[in-house]
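Given below, in the form of structure tokens, are the structures.
The same chain A turns up in both complexes below, where it pairs with chain B and then with chain C.
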Partner chain A sequence: MAKVKQQTEQTFLQDLLDFQGSLNGKSEFLDEVRLKGAEEVRNTPFPTKKLEDWKFISLRDLYRDSYELASNLEVDFPDFSEHFLPESKESRLVFINGSFSAEHSSTKALPEEVVIGNIANLAAEGNEQLKEHLHKHADFEDDVFTSFNSAFLEDGAFIYVPKDVTVEAPVHLLFIQTDADKNYFTTSRTVVVADEDSEITLVEDHIGLGDNKYFNLPVVELNLEDRSFVKHTKIQRDSFEAIHIARTAASVAQHANYESYTITRGAKLSRNEPRIFQMDEEVEFTVDGLVLIDGDQVSDTHSVMDHRFSHAESHQLHKCVINGKAHSVFNGKIYVQKDAQKIDSFQENRNLLLSRKGLVNTKPQLEIFADDVVCTHGATVGQLEEDELFYLKSRGLDEQQARELLIYAFALETIENITVDSVQELLVDEVHRYTERQLDSELTV
Partner chain B sequence: MLEIKDLHVCVEEDGTEILKGVNLTINKGEIHAIMGPNGSGKSTLSKAVAGHEAYEVTQGDILFEGESILELEPEERAHLGVFLAFQYPVEVPGVTNKTLLRQAYNTIAREQGREELDPLQFEDYAKDKLDLIDMKEEFLDRSINAGFSGGEKKRNEIFQMAVLNPKLSFLDETDSGLDIDALKTVANGINQIADEDKAVCLVTHYQRILDYVTPDHVHVMIDGKIAKSGDKDLAVKLEEQGYDWLTDVASVSVNGEQ
Partner chain C sequence: MSESEALESMVGGEYKYGFTTDVEYEDFPTGINEEIIREISRRKDEPEWVTEFRLEAFEKWKEMEEPDWPNVEYDRPDFDNIQYYSSTKKKDGKKKPESLDDVDPEILETYEKLGIPLEEQKQLQGIAVDAVFDSESIFTTFKEKLAEAGVIFCSISEAIQDHPELVKQYMGSVVPKGDNFYAALNSAVFSDGSFVYVPEDTVCPMELSTYFRINNMQSGQFERTLIICEDNSQVSYLEGCTAPMYQENQLHAAVVELVALEDAEIKYSTIQNWYSGDEEGNGGIFNFVTKRGHCRGDNSKISWTQVETGSAITWKYPSVILQGDNSTGEFYSVAVTNQRQQADTGTKMIHVGKNTKSTIISKGISAGESNNSYRGLVKISPRADGAQNYSVCDSMLIGQTCGAHTFPYIESANPTAKVEHEASTSRVGEEQIFYLQQRGMDEDDAISMIVNGFAKEVLQKLPMEFAVEADKLLGIKLEGSVG
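Take a look at the complex of A and B:
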């Protein structure tokens, strides 16, 4: 794509680079990653609306405000154990404002051969696997946010599942953001490597405990070797004032299967960029999403499904429920490279618009250079059907119950695929709380 | 139980008058049948009783157990014990029959001061009702009407009626699209549900269902009015002679009024 000439926008983010050096000294390896990241940030302008890929959302809030490094803040937080998953009592890594909390974490349930821990510690120990995989799979060329994440990379989760190992317990990666007086930013990195014939289930969970402003910029890299199977559920429940800009990259090798579900409920502004790269023939991947937004929330998903070899089956069902003045953006790129034959790709963006002032921008984008390919794609924007509402009410359900049931039914298609029971339940509760808010007349405009 | 007095109903959207002064009284323990040509307003009457927003009552009243229900929401009418079996049952993908009915049953029970049922109790209760109309258990866990055949949808309406146990049921062409065996089963179900404390109003085009569910009163609706009422013999006569002879009478009487 042609580069759009861009005026450099002066942002506080760039100024932050001055403090970046203070992180050095604990691990040479990380120092290098950061140095390189900082270099890239210096040379890459932050995106503005002038760029095609950013034209629907405004990052002014992010650029205008100043943020502090989260690890420099004193943290003070209430008990958050209600957010622990019962299935992951001993397979949980907790990060508070980006820093690892050993006190809240436990990995006892994982097989001994599995390498699991926080990046800061593993890097300090000079862990070879970490060095081999960190920053190898996040293939976001010229992306200043990925570089920014590298420039301030302090901590995050690392998991290496060796050959033939199946991790039974779902691994809960809990990112807690606390309430604070000052705006802060946090740049966690998660690296997951599933070696041949291995299997793991991940629940990446971002929770804001307050309603404060912060900038959460997580980067997740996944590497799936031959015949491995990774199920990845991401739940974003950041504070309603937060900015969440995320990159998730998965490389999928032969006969491997990457199944991901991304649930977006929080943040004032969120941008997800999942990118799936097919590394060999015969792969399967799912990149489903569920977005529940209201008020003046903005949720933007820009995804890339890159089919580079023959025989791939890919699935993307991106569902959004929009109320109030909320704004949903979807741009789903499907690439099928030359000689990548026998590709079966499904993509659909379905929007349920509950209010008059809600806004939807949707754009499936297919770039297909092979000829033996089946790509179905589409986008719909609909409302709650009056007939359905009347039918349910005539059975005795009130407005709230009827709406909730219909929204729940809309959302269910995504939720029911998530195999961790407690996650399903908490999402049902989220849908319930979401619809409850929808009857608030101020939200439904 | 139900008193409809000089009911005039317009389409909310464009103001077209569809019901032009309907009078109808249904007492406890009675079974009524409403027949009439296509487009005469039978479904509109049923939906007006159930409280559909698209229809505006411009004149007259609907009393249920002596009180006007015009100001009540559809669900409030359901709580009182009013039920409508839809001519065209709505498909609600993603919501199972069980989910809807348990929530509906418990909401109504709560409103009427009766005991609610927990999921297991409800399952047993619902299964009994399924047997009543010979429906397979799997229908409990299927999305409401989604992918149901025409006949299955109709049967599902009667199943819902059996579960919710309403005082007054309007069954809008529930017999249409049913095969002969299904018709008997559904009729049998209706007979079992209808007792001396309840009332049923069947909207139908065919005399056949009335062989199994014997109506106390038969009404003919023509052009938004009840043009004639009688006993079950009226249905037989309509089956033989059609509506022409009545249309004339109706138009004469309309003229007579002017």
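Take a look at the complex of A and C:
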């Protein structure tokens, strides 16, 4: 019997580096970042289950296959304009398999002084702001996936909001992944800088058009200067065969406020790593999340909220609905460093486990080195309450309606604070579709 | 005095059990190897199967690595420099004292100083005490009275001689020989510890207690305790521990196994006050302990209560395997760390049976430059229908140089189970102090009352007879000298 060549985890990312050569020569600046990234990939071991941070999930689904570089593939796609947001008709950047699509994008609604565009073009033009900020805020030490993203840094979104500018229209960053015969990998980078007293709303939207397998590895860097306000909603609806490993790093300066909502619905295996760093006193941040999974989906959220200075308020509500054989992992770290007094931090992870074969791992974590703080965290795993179902049924709802209503109500709490109406609506629909799917299928045991 | 100074002086009480007892020891080589293990077995006159048990554990231990995941930092003990067996010279070459007359008066005096008089007329009423000094059990009180009720309470060495069938059946059945690095080490070199057997339909007529004392500077203590409760029986057990103040770190690696059969109930309380080292963090006990209870029968219950005030490093997770249907596990803990102490402690509740319930209440108080971590696991297996867990772990910080950490792990694989965990970290509130002060209390009393109130939920779980002792022990740590 012929021996099948086994893809091993150790060399998996390094082997993919072979594709890197074809990217060079367009921008010296990007070439440098990529070279350094590749070097890091070679020197950083691939995570295994032996590491505390990767203990609960297996990356076998990722490394057992081989992938093509997305930008090497020919793309062919149907019309996807149904995914455009009405509020963002002229404030939208579209990336198809990681490459910028000028034809679908428009930034007319943004004030002139805002720098907005795709990284490839801005780098080719030699944009100074891009040089100043790109790859400065994604602080993921020794993280091989961030390094890998750098090694293939080709394109992505760049937004610089100058002082005192408020961007009214929400900016829609739409990442479309097309159906393809071959597995491919794509690494987008998004950099958002909000200068002093500025304000912007972002909708980061990942959509898989087919049911193919691909590896999506986006990295988002956010830099919030004094008194700026950034609202960031991330919706992940990658294909159900996709692997989505995402890093989001936000540096928050004095009196700034970062609000983020991450909704996970797609991908077979997804991992989100929001990391919020407090850069000065008096900041606020929110890192809420909603995970709706079923089938054999695995969703893993590892967040870090690093309180480094006095006077911060932080909030994290992470909710998961698990059905089928799905597996949800949550590890939320709250750090309060020495001398970071007067911190008020709240963290809660609530899981609704609907099926026999579903699995929940949760580990909220507090590490506190200052005494004058109020930090709380909580975690629950439960199911729909019999009493509540009974109540609804006594009001004339049937079992299905009652269940749907309760799941819907559970999920709603995390999305009702999102300020873009159409996003809220589409998420409400998404929750409905999810619940209906649970009731129609044989999943609910 | 400012509020924070008052708080600091309160937690900075002196360790008053730090004296040494001057006794003559039998010679025993330091280090660990097969020969040493055989020698321990020989000295204790053990049957072949125990020697085998030890050697198998030793083989496993050699292959294992010291765990580095706990949130503590220390210099790894030099395992070749520890004396694994330490026994005092006996009068007339007797192996085991038959009466108190055979016990070295120095040792009796030691226990008297510790507040545990062993002489008959002074014995604590209603409490049977097994006194363990370094590697051996010195004396067990009220043995006869307990025997009348059918309860066996003796040292594990005696149990190996007198009740081998019970020990053989249960030892290592809850904490296997190779369970973890320190449990394997203990299985290889375990010295003394207590053995309790409560027969069917029996409520143990008195509280049982073991008092552990490390005296020898070079030795470590490796006790092993085994408690078995047959169907429909009950026992309440308490251990206390102290050690002298030495500049060197000493290793204490114990294994405790509890087995509760149908409808049985075991309540296990610990008041741990090992020497915690000096202000610079020199000396003190490394307390690396494996404690595990097994609710084997339906409707059984195991309850751990611990008041942890001592030790330089604590690494301890009393756990319960809830196998029997409707069984219950409880964990109540107060852990106080001060100066350079480091504690990584918590529990594991493994739900296997249906309708099993567990409760975790953990209160951590950190002061000085100490670090206090709660680490817990609640695991619901797919079979555990209707399982319920409720956990609360609160931390209180006193001063700006200490740390409090919480690492709760929850794994649920059953949709009918309910798991709830909540935790908070805060300090003594200014408003609370102010309120009490305006009611006429001085600042120190106010703080003391708040801290006591914080820990009360746990303290009141201690058996009546020991509540006083626990209060005293906490008092030393928390009240101390206010000047």
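In this text, the second predicted complex is superposed on the first by the 430 of 445 C-alpha atoms of A that agree within 3 Å, B and C clash if a C-alpha of one lies under 4 Å from a C-alpha of the other, contacts with A are read in each partner's own complex, and residues count from 1 in each chain.
By definition in this document, a residue touches a chain if its C-beta (ideal position, glycine included) is under 8 Å from a C-beta of that chain, and two chains touch if they have at least 3 such contacts.
Here the structure is a predicted model, which is why all the values come from computation and not from measurement.
Novice: Taking chain A as the common reference for superposition, should the pair chain B and chain C be classed as clashing or as fitting?
Specialist: Fit: chain B and chain C sit side by side once superposed on chain A.
Novice: Of the two partner chains, chain B (first) and chain C (second), which one does A:380 touch, if any: first, second, both, or neither?
Specialist: second
Novice: Contact-wise, after the overlay, does A:109 reach chain B, chain C, both or neither (first, second, both, neither)?
Specialist: Touch status of A:109: no partner.
Novice: Please work out whether A:17 is in contact with chain B alone, chain C alone, both, or neither, and reply first, second, both or neither.
Specialist: neither
Novice: Should A:428 be classified as contacting the first partner (chain B), the second (chain C), both, or neither?
Specialist: In the superposition, A:428 contacts neither chain B nor chain C.
Novice: Between chain B (first) and chain C (second), which does A:406 come into contact with in this model arrangement: first, second, both, or neither?
Specialist: The answer is first: A:406 touches chain B but not chain C.
Novice: Decide which partner touches more residues of chain A, taking chain B and chain C as the two options.
Specialist: Greater contact footprint in residues on chain A: C.
Novice: Quick one: classify A:339 as touching chain B (first), chain C (second), both or neither.
Specialist: The answer is second: A:339 touches chain C but not chain B.
Novice: Across all Cα pairs of chain B and chain C, what is the smallest distance in the superposition, given in whole Å?
Specialist: In this superposition, no C-alpha atom of chain B lies closer than 13 Å to one of chain C.
Novice: Given the complex with chain A, which residues does chain B contribute to the contact?
Specialist: Against chain A, the touching part of chain B is residues 50-54, 73-75, 77-79, 83-84, 86, 89-90, 92-95, 99-101, 103-105, 107-108, 111, 143-144, 160, 164.
Novice: Spell out the part of chain A that touches chain B in their complex, as residue ranges.
Specialist: 385-388, 390-399, 401-402, 405-406, 408-410, 412-413
Novice: Applying the document's contact rule, which stretches of chain C touch chain A when the two form their complex?
Specialist: 69, 380, 382, 395, 397-427
Novice: Spell out the residues on chain A that touch chain C in their complex, using ranges where they run on.
Specialist: 52, 338-339, 341, 351, 353-383, 445
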